[in-house]
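Both complexes below contain chain A, partnered by chain B and then by chain C.
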Partner chain A sequence: MVERQSPLEPEYHVGSHGNFEHGVEILLTETRPGSIVQLAAWPGEEKKLIAAIRAVAGLALPDGAGGGLSDGAKSAFGFAPGKFTVADEAEGLAAAFARVVTPAIGTVTDLSHGRTAIRIAGPKAEWVLAKFFAIDFALPAFPVGAGRSTTHHDVFAQIQRTGTDQFDIYVFRSFARSFWKALCHASEEVGYEVQ
Partner chain B sequence: MSPRRADTGGRIDRLKTIRFTFDGIAYTGHGGDTLASALLANGVTLLGRSFKYHRPRGLLSAGVEEPNALVTVLKGEVREPNIPATMVEIHDGLLAVSQNRFPSLAWDIHAVNQLGGKLLSAGFYYKTFMGPVVGPLKGTRFWMFCEHFIRRAAGLGSAGSAKDPARYERMNAFCDVLVVGSGPAGLMAAKAAADQGARVILADLEPHFGGSANWSGETIDGAWATDWVRRTVAQLAARDNVRLLPRTTVWGYYDNNTLAALERVSDHKEQPAKGEPRHRYWAIRAGSVVLATGAFERPLVFPGNDRPGVMLAHAAERYANEFGVLPGQRVVLFTNNDSAYRSALALKQAGAAIVAIVDVRPQPSAEMSALAGETEAELLSGHAVVATEGGKALSGLKVQRFDMVAGVLSGDARSVHADCLLMSGGWSPTIHLASQAGAKAEWSAARQAFLPPKPTQKWIGAGAFTGSFSTVEAIAEGRAAGLAAAGGTAAPAALPSVEAIPGDPDPAPVFEIRASGKSFVDFQHDVTAEDVRLAHREGFVSVEHLKRYTTLGMATDQGKSSNVPGLAIMAEALGKPIPDVGTTRFRPPFAPVSIGSLAAERFGDLKPERLTPMHDWHLANGATMYSAGLWYRPMIYGLSGETVEQAYVREAKATRESAGIVDVSTLGKIAVQGPDAATFLDRVYTNMFSTLAVGKARYGLMLREDGFAFDDGTTWRLGEQDFLMTTTTANAGRVMQHLEYFLDVVWPELKVHVTSVTDEWAGAAIGGPKARQILAACVTGTAVDNATLPFMGIVHGEIAGVPVMVCRLSFSGEMAFEVYSGAGHGTHVWEALIEAGKPFGLVTYGLEALGTMRIEKGHVTGAEIDGRTTARDLHLDWMLSKKKPFIGSAMMDREGLVASDRLDLVGLIALDNRPLNGGAHIVEEIDEANPRGSIGHITACCYSPALGKHIALALVKGGKARHGTRAHVSDPLRNRFGPVEIVSNHFYDPEGTRMHG
Partner chain C sequence: MLITCPYCGPRDVIEFTYQGDGNRERPDPVSQNFEAWNAYVYDRLNPAGDHNEIWQHSGGCRAHLRVVRNTLTHEISSVAFVRGDHGSAARSKAEDKP
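For the complex of A and B:
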């Protein structure tokens, strides 16, 4: 299998950077999931789609806008009414969903190459993300597992909280390097490590 | 130790000496000093020159409202003008200079303007720039010449042109309660709200929280108010649900309780820490807001009230109590209210001699008389200051008996020797944010001030902001506001006890002492009381007109100290009460905001840009990149010594002779999926897509609803309910919006989903006579012969172990194929194609060659689909289906859209064998001296290697009928005139034999 090329490569500098006055307060990684799939249900078919996500990914999503779950290997979250992003460390998720999500339920769109997944973690994750997005990142407002759709400048982004101080951000591949550079720049103030 | 600096007192750190420079002279100050307090401590009282008259000016205030002492701060090559010295925290190495003076602050030649008082009165610009109506200087040209000199003589500081290397950031914040202002009211509000569990942000524009408690000299709960502040702030800082933002000016109040604030993060440091911004722009979305922004003391308007040494009373109190600096040794106070007596006592305790207290009121209260006695000052009640004396510093003043009811002076003027005159004209609550939030201020006759309006958004006021000027009231109101803002109930609680000097908060209604001499209302814009009256005499009635005509309340301080006195004088002139005259609505920003903070980081290296999967390959292989919207695309792959034209001619020629490959990943790609996808596309495109077979592609044209051409591209049917639409690079976003609009709003019943998959696919277009052979050499899993892959056919296979989708379609006019692979495999596939093409002479080509070949073929792009052309104009009427309606079909046959004199697409050949220019006009008869008679314009041009000529596409009136005729290009801007032949837009292989093979 031919390895996928990361769009971040020339700007992906493993190691610690920035201001270490308080140590390293941000960890940045490209998670490189094997599959990123967008699922969309027709109106009234949302629960069947949620059931399909449970059947294929083993994630029982809560009902309601923006709800999501992550088990470390697989993640799923709603990002718009009836629309979900599902990611998996393994490849082949789109084909698996295509077998379950019938045309009567909705559509499956493979975005495994088209989106880049970046993880930001650490005690200052909320602080750094607040520089980018007009989103309330406080835990009560944005619980673990939940997802949000938003933009930074012209960069559309989907964000899932995968830990108390950990977020996975999905951005368009073509914008990913630009976004990554901005993320590193914004993290300098608090010290960051690229893993 | 400076003679003006007390040995004790204040919150400055006397153990820390800071060295800074003002106007090239080195000074020292202490930790905690502002530039104003440090200069004052060094005996510097002349800090600026006034706007028009260049009068010497000193400090009026100690805070953000300072109108006089504006300085320019220099950092490296960067100069930031118009910063109040009162807001500059000194640090080692600080460089500041005065402004609006030449050659120096002490000796300013423009001070001659003071002799032209009448000439420079209200409405100067309106009157002056009208220009003479007769004579040799008629018109405005002469005055435009004079403007340069006038502007040099009048103004504020000048901005620099050096690039600002500082870092600026934008932050987004959410909270339940935002408390603006951290005096006793704000601190109590923040504490009460935090105790309720609310998420609280406390913002104050000063570096230290506490507001008036830092200088009032009062005690709270038996300790100095400053200790109470320290304790309370420490409690707040220890809480997880409180964010403290010192040095943060909340400057805008917008809809839905969104507020804008500027945090000065590192201005007070010699160097910012690594990664630390200079300023942060905070966009704060608050559930509720507590406005505890305090009040501004007002000056009194009397002749000579702007002389250095004349200062607001509370400002002097601040300098004494907060910074340990005395503004003078022999002090006189001039007041219409009780608060100045407290200031007198504070200065007395700090070591100054209080010479006199001049009170316009005939009989101050017994308590005030007693206070005056404590200060050992002579109490001159029923008196007013009518003049000040001295040059660049106050040496004395004149007082006269004054009847405040009649406004009449009487008796002889008496001279008083003093080096400092402190004035207090009452207090104006700082209602700017409430005013911005949308309601009209309400006049209080008792307070002689505009009080905040009733809230139109979710805010609650507390303390001096509401007109409650005592600390006891501030604490009570602050707690109640904090509780209410957090949704708590006001349970009885023991409030901190306050020991303060009593005083009546209501001033006497006296704003001006009318006597001979210039009496300034607006210090920053040099507007006098006489200017206000002149505006009235010249017919200005509305307060809005008054403001604009006199410029009262404009400039960087936005009239913080001048608005109410100005209105009062206008009201008197009009013979109306102040509330009938009204006040102007405050607008953002409350205080100046750095442009850098608004721009934040959307520039330079951090500007968002889009890169194709093969971007790095292009750079490594000699591509010159070209910015196409946010995308970067190869323009040419130039060889050493080649010009752009030589490179694209070589690339296009090689493609037509053998094969060429171009990165087309930027084309917009939209997945159109669902049971109704085909129906939807039939409505979106002018031609039919429901008849398209799976595994085939079709060229499609979209119109806007108004019938004009919108976008074009091919759409591929990958499955019965699964289409891949391609759009032009530039229009991808607009087409997506267009589709989503129709699905969401017009046809919600259609089961169709559209998803941007532009970034999912890397695209390489390979064309030329040998393109098929190259593909055959590297594609596995499928044949690519004509039977398997006919024109507009699609096959799936692999290249170098990677799945690919190949569609045979052509933009270049050659036998061509588009090879799509997953974006992460884009470079891998691209390199495999390059390798496979080596034996066949495959070249890489960029946008220039791409454009050249499309011009030769007469294909249209955004240059021709420019929002003004129809399908017929572009000879695409063959695509307008008559079997079905589609978006735009109802409007495309309107009279104006089918008129015979519309601009049609044509080809042009330069008959003088010289390059043509995009945008050049086409004319029937050339007239270089008087260009006219345009019949159209060039949309795209190139040198055609296939034809060996300079050619162009153009939109020309009645274009098709002109084929074979001659016309001329007329391009006076670039001085290019010459003959052209009008021909068909299909220059090259019009039958398409090369493409179909």
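For the complex of A and C:
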């Protein structure tokens, strides 16, 4: 298997950085999922697509806009009407979905090489992200598992909350290094660690 | 200016792209009725008040929206999916529970 290279590599410096004398309040990692897949249902076929996600990924998505779920290895969330992002640590998710999501139900787009997944965790994660995105990161407004699509200076980002103080951000691979550098700068004042 | 996307909730106008006047009706593409085409391309109501507009949430869920905006105050009085059948996906169920 060919080793996949990270677009963050030249700027990915493991260790503690910034103002960390009083403790590290942000953890930054690249999660490098083996598969990132985007699913879209034709109008009226949404329920069948949600059933397909349950069958393939074992995740029973909650109803409603931006509803999502993560079991640690696999994650799924809605990011637009009838559209979902599903990620898996293992490869081969697109092929598995292609067998279940028939052309009558909707479409499967393999974005494994097109997106970079960055995880920001720690007590100041909400606070740092609030500097980037004009959306409400408070837990009642953005529950665990839920997804949001928004932009930071025209860099489109899909964000899933995978813990009370943990978020996974999916950005275009070509913008990922620039976004990563901005995220590091924004985390400097509270002290961050790259793992 | 905030637009409350039926899927994403209230978002800054910077995430949206204006797609034009929502009052226009496009003539049949094979139509040679030049008056109808002229009206479609040039005629605008230009109201001082509520105006029907089409916006796309291009920096979010990418859905096209029918928006009624007051041209004097920028107050948004209604937002709906252009394609009404997105209704089942709309915000409210999972999101607005405390």
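Note that in this section the second predicted complex is superposed on the first by the 193 of 195 C-alpha atoms of A that agree within 3 Å, B and C clash if a C-alpha of one lies under 4 Å from a C-alpha of the other, contacts with A are read in each partner's own complex, and residues count from 1 in each chain.
Just so it is clear, contacts are C-beta pairs under 8 Å (C-beta built on N, C-alpha and C of every residue); 3 or more make two chains touch, one makes a residue touch a chain.
The structure displayed is predicted, hence computed values, not measured ones.
*Asks:* Considering only the touch criterion stated at the top, classify A:G23 as touching first (chain B), second (chain C), both, or neither.
*Replies:* It touches nothing on chain B or chain C.
*Asks:* Under the stated touch criterion, which partner chain does A:E9 make contact with: chain B (first), chain C (second), both, or neither?
*Replies:* first
*Asks:* Under the stated touch criterion, which partner chain does A:A186 make contact with: chain B (first), chain C (second), both, or neither?
*Replies:* A:A186: touches chain B, not chain C.
*Asks:* Quick one: is A:I135 in contact with chain B, with chain C, with both, or with neither? Answer first, second, both or neither.
*Replies:* both
*Asks:* Touching A:G67 in the superposition: chain B (first), chain C (second), both, neither?
*Replies:* The second partner, chain C, only.
*Asks:* Based on the superposed arrangement, let me know which partner A:T151 touches: chain B (first), chain C (second), both, or neither?
*Replies:* A:T151: touches chain C, not chain B.
*Asks:* Between chain B (first) and chain C (second), which does A:G78 come into contact with in this model arrangement: first, second, both, or neither?
*Replies:* A:G78 sits against chain C, while chain B stays out of touch.
*Asks:* Which residues of chain A are in contact with chain B in one complex and with chain C in the other?
*Replies:* On chain A, the overlap between the chain B and chain C contacts is residues 134-136, 141, 154.
*Asks:* Mind listing the chain C positions that touch chain A in their complex?
*Replies:* Per the touch definition, chain C meets chain A at residues 6-9, 11-12, 14-15, 59-63, 81, 83, 85-86, 88-95, 98.
*Asks:* Spell out the residues on chain A that touch chain C in their complex, using ranges where they run on.
*Replies:* Per the stated touch rule, the residues are 43-44, 46, 62-67, 78-83, 134-136, 140-141, 143, 146, 148-151, 154, 156.
*Asks:* Along chain B, where are the residues that touch chain A in the complex?
*Replies:* Going by the criterion above, the answer is residues 169-174, 199, 273-277, 283, 285, 601-602, 605-613, 616, 630-631, 665, 671, 673-675, 721, 751, 753, 755-762, 800-802, 822-828.
*Asks:* Of all residues in chain A, which touch chain B in the complex?
*Replies:* 1-2, 4-7, 9-10, 18-19, 21, 38, 40, 42, 103, 106-107, 109-115, 130-131, 133-136, 138, 141, 152-155, 172-175, 177-179, 181-182, 185-190
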